[in-house]
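The same subunit A turns up in both complexes below, where it pairs with subunit B and then with subunit C.
Moving on to the complex of A and B:
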């Protein structure tokens, strides 16, 4: 095959503009494909990152309604539950409403064990335990606002009125590439100390861990039945189902984006494929000459296929590479996505799709070229 | 001197295959672009039409939305007494103190829960929110566990049709009617008695989350705001109702427009590539024609204009096709979660003439980008060399 390399190269440079444009079309389609996959993964992030053995207990009415702090001990008595932690949504504003990021008031004695995917250095966690006004931010949020450990972060309360100030003592990282690095944690005991009376004695939700081997469904029912017919009925779900309910609610938007984008992706690929088919058709005469001088049918077929797949693969590689670079720069919407990450599996799918389209686009003109009757073709010259 | 347009039309027809590919590329791009704009526009419109420019919306100072706001009864009284507030026929102030609770209800479509906004109001609410009309059954009666549901809420959630009983916060409520506010956010809500809602959720009586008041005139807002600011009892912010709702749509609209424009931009680059390819091959195939045209006396400028017009024609056809393709979206109802109110909102796509205009302009821009470089190449073809090929 190598000896045909100069010939291939000559084909590719035959019409430089067209080669560049076709490579460009492939690059653009693959860039778009990767972008859409990343957006979709961004919407799904919570579901994929959810812990398999964790349950979330919220007020049956909705997540907004609180649950009594006293439920903690009662939940821990449920057979099959190993540990429990709780948190509150703070919903404050940092400088401007547009600077949105999730702020949680967390129980500093139990939260870290419950979420091992968030990695905080030991010394930073000790500082968090020692200072009531301490806070820990995710790497992405810290980077977004240029925060460093030791900074004082002012946040204007919305649900909990007043001006709040926190000492940033730590920055957490994720164990997996799609972990949510945008959260901001501070201490629940600090929240409750400063919060209005109505908030005292209540938490936003509980997260509990089911013991290995315990029946999660039975545990779920057990928890909910314990609090049935109380003023604060609970609704227990697996963390995954809890996260999925958010995605379901966002639902249509993510779905529309991917469907519309998917259609366009294929249109663009067809455009690229058609151009390649066109360029082979134009060369009927040249191919006939090749056959006349003794090239076999097979070699002509392989030559044409090699040319189109080469174009497709170069374009695809450029597109996927650019997309990877783009996603590495982080979330372009500034805070809408907990993670903006292009999974390698999607890149592989993209590469496979490129190859497939290249082959399909090349196959028809290539077989035509192979079956070419030399006499007929030469007559056209 | 200009070349006749028929020449371009004929040449487009002669290379119909590549032309169709270019048209499809541009149509797809314009379609997605307009669809995204229509989505954002529809979302914004659903919220903005919830507001009435003659109404003032009042919440606690510092509160970002109704959910984290609180207005107490002793704040409500001086607000109602303000001179800028219109009086009803019975002399009472046209003010609607409201309580909001978010309730998780199962969606018909997926069976999973979504957050519905339950709004506790007084019967006065219908006089303040003039757009809301009861279209089926009747409005709830004060003091009874009854609810009126928005027309989009009835369609979205299971078990809240008129006559149904809804368990909420340990009490059973009867659905007695359906209300319609012409596609605004209220159509996704459920309304009931404010005091009953407060007591059901163990909230202190006489604490509301917002007050909406009808102004004596549209210009009275500033006077009301000044009066409120001067009153030390009132730690509240006064806004025009339309402004409040416009802000409540900002986050989602920005996201849709942001993502939509990135996607449309990338697709636009792809479509320009397709257009360039089509036009370059048009130029290449017509080398002799162009040389002949030049030889009979047409200038390079005429050739450029001719080829650019051809590209514009192709892109315009693509743009029109894309616009026509998204027209059926107009009025189509979809829904999403508005994180600013933490609740599910149904809204309709809005394909407005302005958005279609944007789409066509986008198409023509792509046509220009795809047409000018090949046109310049055509004009630069050396006449003698090209003719020698004959």
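Moving on to the complex of A and C:
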């Protein structure tokens, strides 16, 4: 096929403006597709990053309702549970309400072990353990507000009233590209010390890890049955299901993204198909000449398909490349997404879709070219 | 030696027997060629003349494997091509026939070199071998120095010489020329005819040429006349 390269190149540069516009339509479509996938992945980040062996225990009424701290020891006695930690949602405001980021009061003795995907340098964690007012921020949030270790971070409490101040002693990173780097942690014992009386002795939720090989479903039922008919009944679910429930609250994002993506690709199919049909129609005589000198129907078919596929792949590569560069700059919404990351699998799917659209778009014109009757076509010259 | 109505003696390069071509236009049947018998030897230069619509181009298309006959046979160098399938006919064409058209039919997006190289892309020749063949063909038609030029940068006569180079580059068994001088001025036409004569006399090529021009026909070894689909000498 390489020896046909000059011929392909000549056809691609025959009408430069049209080729550039067609390549551009592929590039724009793929850019949009990758962006949609990134946004969808951003919404579903928690689901994707959730630990497979972790369960979340919340109050059966709602996540807003607390659970007694005393449940911790009882939960740890459930067969199949390896470890447990707990946390509270703080819901404070940093400078302005628009500066949203998740703030958690965490149990500094167990939290790090439960979430090994978050990487905190040992010295920073030791500083966190040593100082009750200490806080650790995710790399993305620290970057967003220009924080550095040693800064004092003032946060106005909403659920827990008052002006709170924290010493930033650490910045965590993620092991995986889609880990949430926007969280802000401080010590649960510091929260309870300053919190109103209604909050004392309660936690927001528990996260537990099941033993390897343990039946997670059975463990889930066991936990909930132990607290059934108590004033604080529990609802236990996998961390993945827990995260998915948040995404569902925003509607069927996945379906919406799929529909938009589908429309984009269908439009692209029409644009590319029409362009190639025009291009082949213009070249009827030249294709007849190729056949006259000995190019078989199959070779002509392959040439037209190769041309449209090349256009598709160049456009697709540009679109995917630009999207990757765009996402590398981070979340453009300043914190709406816990992660803004274009996964390699999405790039591969984009490339495959590009190829598919190119081939489908080129199929009709290529078949037309293949079926061209030399004698009739030469007569039209 | 050209013989109309011959019986296909041994040594004949092209042998045509009872060739007929009919086109159907709605309910109407058009008999374009009928009962053609013809023998052409290697190295012949044959001109076909006749009024418009007499079937000259149709005969050329049948001899060149661009079209299939309604009945009869065409045998070239021992291969009976009349009943070859589409792809086999195309491959046969690539190996045996060089085409020269009135309007040159060069690909405007390609340079003279690339146009001439086209038939060689279908062969197993290496890039270096293709280059050598193309340069030889272009030298033969006197256009070695115009290899990089696109057709629009060449005169009509030069474009036709590029088309002839393309026709001979793969060492075709014979050339089919459909009014090769029809779009050229007298001087250019004479140059093209000189070139065709040289190909026959010095390189042993076999050429079948359709023409309306008696001066062109004079250059051929034999002139055959077609009238209402019937061939005569």
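Details
The rule is short, and it goes like this: the second predicted complex is superposed on the first by the 370 of 381 C-alpha atoms of A that agree within 3 Å, B and C clash if a C-alpha of one lies under 4 Å from a C-alpha of the other, contacts with A are read in each partner's own complex, and residues count from 1 in each chain.
We adopt the following convention: a contact is a pair of C-beta atoms (placed from the backbone, for glycine too) under 8 Å apart; a residue touches a chain by one contact, two chains touch by 3 or more.
Fair warning: this is a prediction, and the values are worked out from it, not measured in the lab.
Superimposing the complexes on subunit A yields a three-chain arrangement in which subunit B and subunit C fit side by side. Look at A:354: by the touch rule set out above, it reaches neither subunit B nor subunit C. By the touch criterion defined above, A:374 reaches subunit C but does not reach subunit B. Looking at the shared chain after the overlay, A:295 reaches subunit C, while subunit B stays out of its contact range. In the superposed model, A:10 makes contact with subunit C only, not with subunit B.
In the superposed three-chain arrangement, the CA centre of subunit A forms the vertex of an angle with the CA centres of subunit B and subunit C, and that angle is 100 degrees when rounded to a multiple of 10.
If you count the residues of subunit A touched by subunit B and by subunit C, you find the higher number for B. After overlaying the two complexes on the shared chain, residue contacts for A:285 are found with subunit C alone; subunit B is out of touch.
In the superposed model, A:39 lies in contact with subunit B only, and not with subunit C. Distance between subunit B and subunit C in the overlay is 14 Å (nearest C-alpha pair, rounded to whole angstrom).
Within subunit A, not a single residue is touched by subunit B in the first complex and by subunit C in the second. Residue ranges on subunit C touching subunit A, taken from their complex, read 61, 66-67, 86-87, 90-91, 93-95, 99, 101, 103, 105-110, 114, 118-119, 121-122, 127, 130, 166. Considering their complex, residues 17-18, 21-22, 24-25, 28-29, 31-32, 35, 39, 60, 62-65, 67-68, 101-104, 107, 110, 112-115, 168-170, 201-202, 204, 250-251, 254-256, 258-260, 262-263, 266-267, 269-271, 273-274, 276-277, 280-281, 284, 334-337, 339, 342, 344 of subunit B touch subunit A.
Within the complex formed with subunit C, the subunit A residues making contact are 3-4, 6-7, 10-11, 13-14, 285-286, 289-299, 374-375, 378, 381.
Contacts from subunit A toward subunit B in the complex involve residues 15, 17-18, 21-22, 24-25, 28-29, 31-32, 35-36, 39, 60-65, 91, 93, 97-98, 100, 156-159, 161, 198, 229, 231, 233, 235, 244-246, 248-253, 256-257, 260-261, 263-264, 267-268, 270-271, 274-275, 278, 332-333, 336.
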